[in-house]
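Given below, in the form of structure tokens, are the structures.
Presented sequentially are two complexes of chain A, the first with chain B as partner and the second with chain C.
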Partner chain A sequence: MKKAVILLFILVSFSYGYTYNKLLLKAQASIFPKIIMLDKKLEGKLVEGKIIYTIVYEKNDYETALEIEKFIDEKYNGRFNDYAYKINLVEFADLSQETQASAIYSLNSENYIKKVAEIAEQKGVVTFSYDIDNLKNGLLFSLMLEKSTVLYFNKKNLHPYNINFVDSLYQIVKFVESKNDIQKNLYNKTLWFKNQNTAIAGL
Partner chain B sequence: MKRRKINSLSTKIVFLIALVSLFITFIVFSVFEKINREAFHQIEIEKADIIAKTIEPLIALNIYLDMQENVNQIVLQLIENPNILSVKIQTPDKVVNETISKRYKENVDGSFVVENIIFRPNSKQEIGTLSLVYSNKRYKELISKHTNLTLILLSGLGIIFIFFSLYIKKLLSPLRAISKLLKEYSPEQNIEIPFASQNNEIGLISSTLNDMQQKISEYAKRQKDINHYLEEKVTEKTSQLRHQLYSNSLTNLPNRLSLLKDIAFFNDTALLIINIDDFKEINDFFGHFVGDTILIKFSSRLMVMLEQDKNIVVHHLFGDEFALLFTQKPPLQDFIKIAQKLISDIEKIIFFHENNEIGIRVTIGGAYQVDGGLEKADIALKSAKKHQKSFLLYDEKLHIEEQYKENMEWVKKLKKAIDQDKIVPFFQPIFDNSTDKIVSYECLIRLIDSNNNIISPSLFLNIAKKSRLYSILTKIMIEKSCSYFEHLDYDFSVNLSVEDILDKDIVDYIKSKIKIHNVENKIIFEILESEGIENYEEVSIFIQEMKELGCRIAIDDFGSGYSNFEHLLKLNIDYIKIDGTLIKNLDKDKNAQIIVEIIVDFAKRLNILTVAEFVHSREIFEKVKELHVDRTQGFFLAEPQQNIDFEVK
Partner chain C sequence: MYKTLNKQKKLTSILLLLASLLDLSAKTDEVLESISSELTYFNEIATATKQNEHYQPYIISVFQGKELEKLGISNLKEALGLVPGVDMATDNFNNQTPIFRGSNPSAYGQSKLLIDGVSVNNLFFDSYSEYLSFPIEMIKRIEIVRGPGSKTDGMNAYAGSINVITYAENFEGFESSDKLVFKYGSYDYIMGGFFKTYKTDDLKAFIDFFYQKDNKKLPSGLDGLSQGALGANNIPLSRSGNAPLWLKEYSLGVNLEYKDFFLKARMLEHTNGSAYGINLALPQESDRIKLPSYYLHLGYNKKIDNYKINIAAGIKQDAFDSYSKLAPDNLNLGGIIFEDGIYGEHFAKQQTLYQSSYIKYEGIDRHLITLGYRLAREETIDMVSKLSNRATGDVELVDYTETLPFFDKSAKRNIFIFSLQDEFQLNDNLSFIYGFNYEKTSRKDAGLEPRVSIVYQLDAKNIFKTIYSRSHRNASWQEMFTMNNRARVGSVNLEPEIVDAFEAAYIKKISSDSHFQTNLFYLLNKNQIYNSSSNPEYKNAMDTDIYGLELEYKGNISPLDQLYLNYSYVTGESDIKDEDRRESLSNIAHHLAKGYYIYNINRALSLSGVAKYVGSKSRVFGDTRQKVKAYSTFDTALHYKNKKYDFALTFSVKNIFNTAVKFPSAPNTYSEDYEQESRSFLIAFKKSFK
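And now, the complex of A and B:
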């Protein structure tokens, strides 16, 4: 009976949008803005002197996007270090070349991840993905909470002409290059979610 | 014989090389030690610094991204480094990580801390500090290795030097062997030095020494011959010199030195000293060559006369003096007889020179005592001469020695009196016979002894002349007399001997004193005629100089000597003081009256005033006046006093 209730809950969740881990969302909201500051070519990406942190989401994930915005504002209170920032919430469907962005954070999407990657490449901005799986579609960073916090980086997606990170960053990221890497990481992610859900179920 | 301590040359060389090398090694070691220690230390610091700098960006990034776990992992990796003892990462508000290694306690001594500021990535903002405590273990290991290597090097060097010293010793050992051989060397016996065949410096030295031995041997042989010849010559010359030393060069007889030696040698001797009378006249008259010839002949004759008596040794003391030493003392009567016979025999000797016959007489002094024989015979000879006897035997009764002692006492007294200013003038007035008034004073010398007795000059004047004190007495009399009469309206006379006049120092002194006291017109110099004025020329010059100054001259004791009227005329004198021997019996002695009359007449013709001395009675005073003598001086009228407040009799 208990298993049936859980399965039902999962199915309902899928019908109303993606499921996001709050802990992970918080971790990503906390770390990704800092990674923007590690770009030595950040100055060229400022819009009117501000960092525009664009969060793209599916319509159903609007609440999640707002929640992320709230997390960020609570943590950074309007400034990423020396720079003022503005959070720009944009639906995947509305994202275009004209969309203002110094960096793009992408929530999950079935169809738009490649589009996000293309626009980001054209604009020369850093992209972050909630889901590590999206890195194979051209996004740059993702973050997983494993035994410790692990930052994933797909160096194939790096466009050195527009982005130049501090060297030490490359020492702490985990590079993902092949599908195997991603699958391996996905396995880890699944395992981690499983643990989390088990923990939640235990509650 | 004390064995000489040898300082080994080889040991010295090796020791010096070792010392210098050790010194250089020590300096090099010290310098390198210091440099290396600093370098090693610096390397360790740099290593720690590099680690800190390398790790800092990573730590910075992880802190920045709040990846505490990563930071912890990095620190764990760091602490695995054996040299890192602790790591401390600190942000302004908290200690991010502080990990201490298990090795911390054992290695903390000598460790050092490297601190590095952690900057926010891609920014200059400081977000924390990284502190590493870095162990000095590696540094210590390096130093230890370095020290061990140096010790090994020094040990190696030490071993090399030991072998080196042994080798040097071996190389130089032939020198010791040569030295040992050469100790036995003498010019008479050559030594074969064995190392001559070696083809090195030792060989050269050995070969040279062998050659040198040959040369020394030849030279020694020649030198020996020369020495032998020189020894012979020296012996011969010594013999000659000894002969010259102990013999008279003219007569070849033993001399005075030989006599002294003989007297000291023989215990019981008697001595005669023979002096040829007036031998100076023979020399002056016939010349020294004839004099010498006579001395040679006389010595030969003397030898002939005494050849029978083997106990008499003839000596030629000097010039005209010979001595006969009796090596065995004869009876006194025989001794006297021998002397008298000699005198008689010698008087019979006639020496011929050209057509002249020269005879000689001798005076002999004899001493029959051992002690002081020569001096006693000499005294006897002098006494014989004085008493014009041909022979006199020394006799204690002659009191000659006492006289000598007395004379020496007088010399002492005189010196003391001079030192204590006890030589004083006494003044005796001279009266004018026409007016009976005092016209002048004669200044007479007196000595006041320690008992305040007034001593007459007859007791000390002759001794003063012999002891060279006479000139001092003259000066004292001149000074005191001139000073006394400087402010008195009387003439005064001072006695001068011919000796004084011939002494330039005295004459200069007189001139200066009469000028100082301004008594040129008061002073009269009385020159003793009794001494016999022989140096008329010098005396004449003195008188002329004095007269030019305004002084007057008197001849004292006129008539006592061989008065030469012609000379006296030339001397331009002012007074004649007639000799006391003519005056003292003038009232009775007719001859004296005649002589005085002649002198007075002679003086008046030359405008010379006459003075009669030693007038001791009224009769003589009357006679003096009767004979028209101009002035009178004597005890009858006044005795000499220490001052001129006289009471005329």
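And now, the complex of A and C:
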């Protein structure tokens, strides 16, 4: 029995798959659109004067993509600050250079994340990921519910893009330097704890 | 003139540019502030709902009610069956209690149950058997802390604590729908209930109600008379048959929030069959025990600058109320023949009044200091003790409340607890919590109890925790104040049980939604309270060292499923003080393995399975019966959710292979162990209203 249990644990440790945490989905749907506003070159990425927020998903995750769309619409009611927006739901398989996008939010996929990163790089748009693991495959931002709620940013992936964020954004993100190495930044002393356990990591 | 105009134009242009830049800067600040505020908001929800459980300074498992519903789990007891390191024990009242990590299975009160943050352990046993049937549909989430856990609010969790969160919890943007529930199942089980929320700008009101009953009875084997529980001369009167384990209960809960004030109240009327008889003679089918529980908790929360104040006060009442046939016809007690048997009515009503004040201060950089006290007055406020006439053997009840009480009606205890704790975040990877509880009571004191925990986040994927804590369990009313009873003799001089807990945990986050966790624990228990049929007086009889490990995995095999597995191992040794001997843990399963798998066939339909293995259990010293056998059970459930009409239907079969599930009986009581559920089914219907 003991051996069977240990074997089972070893086996499942290598298995792989996803479900979605609703709170995390909502947190990302609330916060990611605001980051788009901090791109100084946003004007150049508008499509017919609108921000196109493209959500890419696997076929099985269509309902999840719809839920995110619904939540964003309920929260933002058609406008991200001064800009009207449109949500574009696109299956990973259908994503191409021709897909309209001012920013791309990626749900989980085993095969398509690098493709999303490449297309976003060519289009020069910001990318967001549900899972932090996808930052190592070229996406830019993710958000985690840790002891604090932490906004992760892979600065290394920024260089090729036609993106220029306002400097103050870098005070509220935590940098991912390499695949598994999260830079150990100290908390911004003035903001720390005033935000009651909300991670605001500065350089 | 032209030059002046040109200069003015230039100045205007510069001013416009500056204004535009200032406007842009103001907008940027606004966006950044908004992001910060959202991060704070979601962090508060994640912390309150334990969705960042891995970073908490204790060993915790969290189960979501909706996921448990999909598995066909029916109530709190079944849900606790999934928790790593937790097994269940029972007694002749069918007073069931979870056993955390092998901690003293013969005593209640090893763990605390909180409903929406209010402690509901009854004073009589310090148990919460009456809440184990709480329907899962009324539960939003169950948070189970193994080990003493968080003790900053005057709660002395000893081996573990269970916090049941109902749908009264509601965050802006995360409102729960109102619901109506019906269930039908084996043993003629029926249940109906609902919950509803009402909100205005300042007021939030929540109400839940449920009614449930069943007609459960299970074979008992020969009753305790066969072992001489009522004297050797009465052994021939021993009977076997079906033990009445039926349930009938209803509950009404109310939560109100008005500005900074809140109220939490519940009335639970719980009645169950007399099970195996309070005197170990098989009772009649209609014999019953009532375990009502009522509480009213009032509070005030206020944030002023760097201070957060919480002031609360409450009243809790519970009772032990038994009416049953205690002994069979023709019982001979000291030469008196009770031709029509002995009947008895035993009633003891307890009340707890409490008041607490806590203040959190976050004005020191990287520190969160919590300071406060809790005062409680516990007492018996009513007691009735009636029996058939002991002098004549006549069956009619005689009031022995004054002359031969079963309980000390003047029982009382005052408790004062002072707590101080500092949560220190050295950096974003390393945090410390250190502090203490100091308790003074009108009985025996636990004194000073320190606690230190360290949480180290190596990176986004690897988290380490170490915890040292000392906690205690005060003796229960039964252990202190039972009188004139052959099987139980109370002692008011009992010292609190004390535990020094050393725990370490490693959490590997495999992805955002899957993790693997390993926990190691070493528990030094002192003054554990114990009694037995051969030595019925409750004593601080033993010191027990327990150690073990828990492995836990939650994740997926494919994007369409959910998998949860855990395994726990516990072992240890007790030092029996009066007898100068040591014995290994008895009535404890050294190995527990549990898990579930949910396969989402599509968005509407899911199929699931629950598997549980409970290892064999050694008997207590002197009990010559064979070990309690290991068992495995398998359950399955089909869950259908109709999004269009907002209803869900679950059909489940429990214990598919009809495995014999038995909890150990104490030696010299019932010769056979207490049989639990055989194969059963359950149908649940739930309708939501937006």
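FYI, the second predicted complex is superposed on the first by the 160 of 203 C-alpha atoms of A that agree within 3 Å, B and C clash if a C-alpha of one lies under 4 Å from a C-alpha of the other, contacts with A are read in each partner's own complex, and residues count from 1 in each chain.
Everything that follows uses one rule, which is that a contact is a pair of C-beta atoms (placed from the backbone, for glycine too) under 8 Å apart; a residue touches a chain by one contact, two chains touch by 3 or more.
Note that the structure is a prediction, hence the values are computed from the model and not measured.
In the superposition on chain A, A:Thr149 makes contact with both chain B and chain C. With both structures placed on the common chain, the touch criterion links A:Asp73 to neither chain B nor chain C. In the superposed pair of complexes, A:Asp133 makes contact with chain C only, with no contact to chain B.
When the shared chain is aligned, chain B and chain C each come close enough to touch A:Lys34.
Between chain B and chain C, C contacts the larger number of chain A residues.
In the superposition on chain A, A:Asp94 makes contact with neither chain B nor chain C. For the contact definition in use here, the residues of chain A common to its chain B contact set and its chain C contact set are 30-31, 34-35, 37-38, 81-82, 147-149, 151, 166, 168-169, 172.
On the side of chain A, the complex with chain C involves touching residues 1-2, 5-6, 8-9, 12-13, 15-21, 23-24, 26-27, 30-31, 34-35, 37-38, 58, 60-61, 63, 75, 81-82, 108, 130-133, 144-149, 151-152, 166, 168-169, 172, 174, 176, 180-182, 184-187, 189, 191-201. Looking at the complex, you find that chain B touches chain A at residues 57-58, 60-62, 64-67, 69-70, 73, 120-123, 125. On the side of chain C, the complex with chain A involves touching residues 27-29, 31-32, 34-36, 38-40, 42-47, 49, 51-52, 55-56, 173-174, 362, 365-368, 425, 427-429, 431, 455, 457, 459-461, 510-514, 516, 551, 553, 555-563, 565, 567, 569, 591, 593, 603, 613, 615.
Contact residues of chain A toward chain B in the complex are 30-31, 34-35, 37-40, 81-82, 147-149, 151, 166-169, 171-172.
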